[in-house]
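Chain lettering (A, B, C, D and E) follows the sequence in which the chains are written, and residue indices restart at 1 in each chain.
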Amino acid sequence: MTPTPAFILTVLLGLSALAYHVGRRRALAVVSGKVRDLHSLPSYYGAHAALWCALPALAVFLLWNIFEGTLITHVVLGGLPDAYQQKSPAELNLVINDIRNTVRGIVAGTPDPVITAAAERYRQWQSLGSFALVAVVAGLGGAGIGYAWRQIVPQFRARNRVERAMSAFLVTCSTVAIFTTIGIVLSVAFESMLFFTKVPVTDFLFGLDWSPQTAIRADQTGASGSFGMIPLFVGTLLVSLIAMIVAVPLGLLSALYLAEYAPPAVRTYGKPLLEVLAGIPTVVYGFFAALTVAPLIRSAGTALGLEVASESALAAGAVMGIMIIPFVSSLSDDVINAVPQAMRDGSYALGATKSETIKQVILPAALPGIVGSVLLAVSRAIGETMIVVMAAGLSANLTLNPLDSVTTVTVQIVTLLVGDQEFDSPKTLAAFALGLVLFTVTLALNIIALRVVRKYREQYE
Amino acid sequence: MNTAIAQQRAIHQEPVMAAHPQDLAFNATEPAPEGHRTVGLVTVDNPKMSARDVNVHYGDKHAIKHVTIDIGTNEVIAFIGPSGCGKSTFLRCLNRMNDTIDGCRVSGEITLDGHDIYARDLDVVQLRARVGMVFQKPNPFPKSIFDNVAYGPRIHGMVSSKSELEDLVQWALEKAGLWNEVKDRLHQPGTGLSGGQQQRLCIARAISVSPEVILMDEPCSALDPIATAKIEELIDELRANFSIVIVTHSMQQAARVSQRTAYFHLGDLIEVGETEQIFTNPVHKLTEGYITGRFG
Amino acid sequence: MNTAIAQQRAIHQEPVMAAHPQDLAFNATEPAPEGHRTVGLVTVDNPKMSARDVNVHYGDKHAIKHVTIDIGTNEVIAFIGPSGCGKSTFLRCLNRMNDTIDGCRVSGEITLDGHDIYARDLDVVQLRARVGMVFQKPNPFPKSIFDNVAYGPRIHGMVSSKSELEDLVQWALEKAGLWNEVKDRLHQPGTGLSGGQQQRLCIARAISVSPEVILMDEPCSALDPIATAKIEELIDELRANFSIVIVTHSMQQAARVSQRTAYFHLGDLIEVGETEQIFTNPVHKLTEGYITGRFG
Amino acid sequence: QGARDTISIVGSSTVYPFTTTVAETFGKGSGFKTPKVESTGTGGGMKLFCAGVGVQHPDITNASRRIKPSELDDCRKNGVADIIEIKVGYDGIVVANSKKAPTYQLTRKDLWLALAKEVPDPKGGDKLVANPYKSWKEIDPALPDNKIEVLGPPPTSGTRDSFVELVMDVGCKDFPAMKALEAADAKRHKAACQTLREDGAFIEAGENDNLIVQKLEANPGALGIFGYSFLEENLDKVHGSLVDGHSPTFEEVADGKYPIARELFIYVKKAHIGVIPGIKEFIAEYTSEKAMGKDGYLADKGLIPLPDAMLKAVQADVKAGKVLTGL
Amino acid sequence: MNKPTTTARGVYTIPEERRIGGKAHLALVTRRNAAERRFRAYGIAALGLSLLFLVTLFVTIIGNGASAFRQTYVKLDVNFAADVLDPDGKRDPATLGSANYLTLVRNTLRSQLPDTEGRAALREAQGLISSAANYQLREMVLADPLLVGQTRPVWVLASALVDATLKGGIDRNLPESDRKISDRQLGWLDKLAAEGRIERRFNSVLFTAGDSREPEQAGIWGAVMGSFYTMVVTLALSFPIGVAAAIYLEEFAPRNRWTDLIEVNINNLAAVPSIVYGLLGLAVFINWFGLPRSAPLVGGLVLTLMTLPVIIIASRAALTSVPPSIREAALGMGASKMQTVTHHVLPLALPGMLTGAIIGMSRALGETAPLLMIGMVAFIVDVPTGFTSHATVLPVQIYLWADSPERAFVERTSAAILVLLGFMVAMNALAVILRKRFERRW
């Protein structure tokens, strides 16, 4: 039986538990039980030992798992006859697949003796590797324990070490966001550059016409292939604005009601119920918007003598607003609830009504959190696709009339990316450029928002 | 001592016993079924507020037991008693601030100008506008110093112009003895003040709306003697128009500012009387023990 | 007055002037370029902590100006001064609690047993374990009463068994004079206590880890005389092993518990001296003004 | 990267229902694992397919149009030299409306006039003017007096592409004005023929054809453009307009009479045959009579089958492993 | 009453009527009380309206989807004819397995129903029965070879067409040309019904099977498991990372340009369209790290990146709202910053963090677009068994079904949505309970 990764991890876990125990005991032993003489609590010495036991071994384990395939493959391929050695990398890749499939007992086509033999070798190396890994992991773990054990003296700052490890973890986690950003920029930058070689940047940034109807085949003519992003951004703005007009009052008022007025039972169930709104798949909202709300608006509009398109920004925006209610309501409810009771008491004692207290004391105190939740809701609105596709259509009208059909940046990105396309045509590349510009625009907006929030914070903290 | 008030109370000069209102009415001498019988000047002639058989429970804890007491018009009454005896709790009953505490139940009757403040149709917002409060722990709003004081007048529409508001804020801050220290930083946050400054800010905030009754829970605990003197002066001045209840641990202070003093002990109101009498000649031995620095 | 300490300080009997440390060393008589020169017993022979030319700024506000002072071993030193003069601020410098305030900058040198507490390699956690603090506004954790007191011993590994912990908690609560009131409700939240009870809880919490220096910011402000006496007794008892800094507005209290007293005024340390001397015969006229109940 | 023993298929969402049907039948009937079929769109599928040979690249791609030369070049460049092209059938594109309204009898010329961005001036002359038609009646007095409102696929869709080719290009032929333009400026002519209106008469709806059907139901005045299978499933709600005298029925499309039908393909990477288990068997199943034939199960799913002779040819080519040599 | 007070600015007094109890004040009180009632009414209305939308959506979904939980079965007397199944009589499992069960079904239909002469009629008859019947009969024979040669009544799945007709999804009164089911088929159905050969049962297939092109055989179990694995990855990564990042930024990080940058970045990431995360996942996890396509692992990673901003932002808001006095108390006791955070701040901030997790996960659970790029919008029949098996997720299943021409998928789409919501409620229930436990006001 070759040891499975799960088995190795379990062993490592057991070892770390042991390390914790040993470290703790050792710490107690060096001060003969007088914990006060230790720099840190015994459990920190335990944790320190456990870290030393687990981290190096884990690193080796991960490295092995990443490179195992490559290593073994390299060895096995080296043993193949010359005819195989000459194959192109792509073909070799297939040979490897064949070998691996054979290892797993799956044979495509007629079994080839060379492959079968290679598979046998592959199997051997694999099990050898696994056993070696167990040995190395156990050895490293043990060495780690030993090292940590030797370090334990009363003055040893185990807490600081463990906390430094924890801080390192915290810092690492906070950089995930940076790497994500870099990743996103990198994954759209190349194509965007390509796009800008085909479509001038100024045309893209300031063009008032969006109609990516370039030719699909060489024998077609690009119809009015124009790539002006302004209508898309205006559409995004319009739809998001409508969504926020729905979501912010509904969400904020709900949150205030739940946090300040509602009997506990209502609050207990009301809040999670609202949160369900955030989890309903957007397809459902899309159908709701397109088949229920849009016709409703249309008939209402017609009754009023208004010209209403069958797909309207209003329908999409309103339904999107409903979807993002919980972003505002739940997060705001939490921050409102966290305002200390003494603040409320101070206001009530002056003869303020609940609503006055809410508006003038609680809201300002909770403002940073509420702004955060609203920003999040805006973000969600900007990023939403399905509802707009289904209810607002795809026509890039440059309009601020909510009864007209519009389209948004996100929708265009999605349709361009998933539609039929030629990957180096400006049509497809436009999706990347749109992504990049959207990213930049929201970045600018966020910087402004941060400044504004800061200003308020300075005033109220 | 204010002689007018002393005269008003002449008919009550003899200490009376009171526990339940019915006891008062029917047989004042029979022991109450439970709870302590309060000794002394429980009632006054022209009460601004009166409490009858008030009980407060925090969950199971019986924090205030059958308390009956009047708060006179234009009088300063001091509540004294060991820490944890229920002074703050009782104070909070008087403007229904206890409503905001989960699990706190109040029974009995409390009236303001003869109207039951626990009546169903009573507007508690108005009640609190009329019965103001300074809390034990200073709790300035996370707003600027100016806005902290201006808050009350604004919501009650007491001022019609900005300059009027500024005058009012200045007046309140001056009365609380804080003006000089903050006049240059009116628009900085009230939470950035020192402990004693915050306490005075809260006093300024409370008097800014000129409530009819002011409940002060240890208003001078964080103040130096000079600031304390200033506040005491303020209290004396306010008494001309308002009624004031002050919780204090300093018997000297009680003696300086109050006309009557009430002594609480473990949730019981033990004794009420003219301040001078309480401090010089307490009737109940628990009171005496407290006054003289040891427990009964 | 503790005679041993009085003797220790014999050589400093004559009031000295001190502002900047360099002034102390070179020409103690020349006026400091800015800030006030402190009068009196600024330094002691065997200081536990010493501050040299400490300045604190909150943003633009210069809250503590060139303060130089020693805190003696086994001494109780009282900080007095009008509200807002910087007592709390200076106190918070002594265990670096000011680090947590945005925009607060501290300069100068403060040492504990001769080691600079603002040194780069100093472990501020250890510092705070050694220099405990009772805050001006009681701030119990939103945990049970027991856990509030047990927190310190737990994180510092001071107890090895549950029963030991229980004993320690009981000891601390008893010393703070709270045990009787809370022994039946140890597992109820500490935030549900009365103001004075919370204050004593915080004292119990602070002494539970037996810090070498205890900084107490108006520890008795919400306490009745008996509880106050209890705490003063505690302070006196603790002095045998620890150093204590107490901020108080009650000069009586300062006189009762402290050996030395420091008078602050608008961020300046005006005068330090033996308590008796400060209260009976202050050197500086600002001090005198404060002691006698009026400002200089 | 682990080993792969499942066939990986990507590509067109139009072909997706058919390929998945085959995949499922194949998975249940043969000993092989059920192939994984992704719906990525034709172009997206091509991109993945042509990215290279090897397990991390798909084996088969669906296409609702023929591979483009540029895509073929890309394939070759990445070492995907041998590609087997299999034409699997036809997809009818229908122009339908709600049953609550009468059936339209349209010609491609009508459609062009209704949907082109620019049309010859109705008042005469060779000039092209922005499309002035508001109602169908203005185009042909026989048509109902309904506002022109057509829900159709977005420009990123293969269906739209085919619609342009099969309807618009043809519809614009017979106008003298257009002829003149063609002679003068071929490029401009093409653009004029192919550009759809952007003034709201043509509404770009998403690619969800069910949604279009439901929108038609809610808005009886509108026409919608979508795939034949959706018409077949929703005969109780919508009916297809006649185009050039032919109604979009299974028979008429199969016979090639109904003019708007496009070819559907799958492309197979030859290098993967024999390496990824089951590819050979899978395409055999796909091209078998019981799948692709007249009465095959794909016909039940709405695929318009190839004429018999063509099916035979396809089957023979597949058997011989004939690869695509050029376009 | 009030003596005018002299201030530095001049004489100040509150006019009688504006003081508490004064005329102007009383008038204002009426207005303020009205404002109070209004505000409260707004709150109730907002909550009510929001919940009304929820109810509407639910009612619609349940209305559409409830019927999918039941499924029609038809009883056929099947003759397991030996000449069809086992011509050489050896009962060899291989022969039995590869026999033509379609013929068996056809023969059965022919014997059971009138007018089944001719290919067209037979095809129509076959249209009543799901193709699953073939596989069902094969399973029966393989399990019990003795069946060969016998005739047995067998309940088989009806086709989606029959199911829809019997549930009223297809209107029998329409002219024949306007409905998929023919008059002849209706006649057969009526006959079978009259003979008691038609029954509606709980649709267990829906909950146990993977995807299928045939609506009556299609199930969501594959998608449920796919969602489960994906969510496990997402939750296991995004919650700890998000909380850790928030803690670092809020409690430890110095306030400088670098942390400002991170903060703006995080807010910005929340606005990145989800499909762009798909692009990122494709580029990084699949093309660079070489992780497999269509795997819950990659899906989970992509959704983690997408969810992180939400969790971080919510967690930061929760951390900010913990009063500083609590931190001071702990620090003053000699607790390290890390201890202060873990012992005091974190428990108090947890409800808010959980809210972030709930909302972030809800969003991740309903997301389709980013999965498109990494191959999870796919037809996958086999139920996934691990983090790297091919899988799809519930919202994708819903999306694909909603896009299917077959009418019978409409009700299944709604049913799948219901299951998704159930999934979500289950996932959130725990968080809600936790949140309730940790929530307090101080």
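Just so we're on the same page, a residue touches a chain if its C-beta (ideal position, glycine included) is under 8 Å from a C-beta of that chain, and two chains touch if they have at least 3 such contacts.
The chain lineup, named per UniProt: A = Phosphate transport system permease protein; B, C = Phosphate ABC transporter ATP-binding protein (PhoT family); E = Phosphate transport system permease protein PstA.
All figures in this text were calculated on a predicted structure; none of them were measured in a lab.
K.L.:
Return the chains shared as contacts by subunit D and subunit E, ordered by label.
P.N.:
Common contact partners of subunit D and subunit E, which must touch each of the two, are A.
K.L.:
Need the central chain here, defined by C-alpha centroid distance to the all-chain C-alpha centroid.
P.N.:
So the chain sitting closest to the middle is A.
K.L.:
Taking each chain's centre as the mean of its CA atoms, which one is most distant from subunit B?
P.N.:
Following the centroid criterion, the farthest chain would be D.
K.L.:
Among all other chains, pick the one whose mean CA position is farthest from the mean CA position of subunit C.
P.N.:
It is D whose centre lies farthest from that of subunit C.
K.L.:
Report which of A-D and A-B is connected by more C-beta pairs in contact.
P.N.:
Top pair by contacting C-beta pairs is A-D.
K.L.:
Just send me the rotation angle from a CA overlay of subunit B on subunit C, rounded to the nearest 5 degrees.
P.N.:
180
K.L.:
Go ahead and note the Å separation of the Cα centroids belonging to subunit A and subunit C.
P.N.:
49
K.L.:
In whole angstrom, what separates the CA-based centres of subunit B and subunit C?
P.N.:
About 32 Å separates the centre of subunit B from that of subunit C.
K.L.:
Any idea how many Å lie between the Cα centroids of subunit C and subunit D?
P.N.:
84
K.L.:
For subunit D, which residues are shared contacts with two or more other chains?
P.N.:
Residue numbers touching two or more other chains: 1-2, 40, 56, 207-208.
K.L.:
Which subunit B residues reach two or more other chains?
P.N.:
Only 125-126, 129-130, 137, 155-156, 209, 211 qualify.
K.L.:
Scan subunit E for residues touching two or more other chains and write them down.
P.N.:
Subunit E, residues with two or more chain partners: 20, 32-33, 36, 336-337, 348, 372, 402, 442.
K.L.:
Go through the chains and record each pair that touches.
P.N.:
A-B, A-C, A-D, A-E, B-C, B-E, C-E, D-E
K.L.:
Subunit C touches which residues of subunit E in the complex?
P.N.:
Subunit E residues touching subunit C: 255, 324-337, 339, 343-344, 348, 440, 442.
K.L.:
Okay, in this complex, where on subunit B does subunit E touch?
P.N.:
Going through subunit B, the ones touching subunit E are 123, 125-126, 129-130, 153, 155-160, 163-164, 166-168, 170-171, 174, 209-212, 241.
K.L.:
Flag every residue of subunit D that touches subunit A in the complex, lowest number first.
P.N.:
1-5, 12, 40-44, 46-47, 52-56, 64-65, 68-71, 74, 79, 117, 149, 154-158, 161, 164-165, 187, 190-191, 194-196, 198, 200, 203-208, 211, 214-215, 218-219, 222, 271-272, 274-278, 280
K.L.:
Spell out the residues on subunit C that touch subunit B in their complex, using ranges where they run on.
P.N.:
Against subunit B, subunit C makes touches at 58, 80-84, 86, 88-89, 136-138, 181, 185, 192-197, 199-200, 217-218, 221-229, 249, 251, 290, 293-295.
K.L.:
For subunit E, which residues count as touching subunit D in their complex?
P.N.:
Touch list, subunit E to subunit D: 119, 123, 131, 135, 170-171, 174, 177-180, 212-214, 286, 290, 292-294, 372, 375, 377-382, 388, 390, 400, 402-407, 410.
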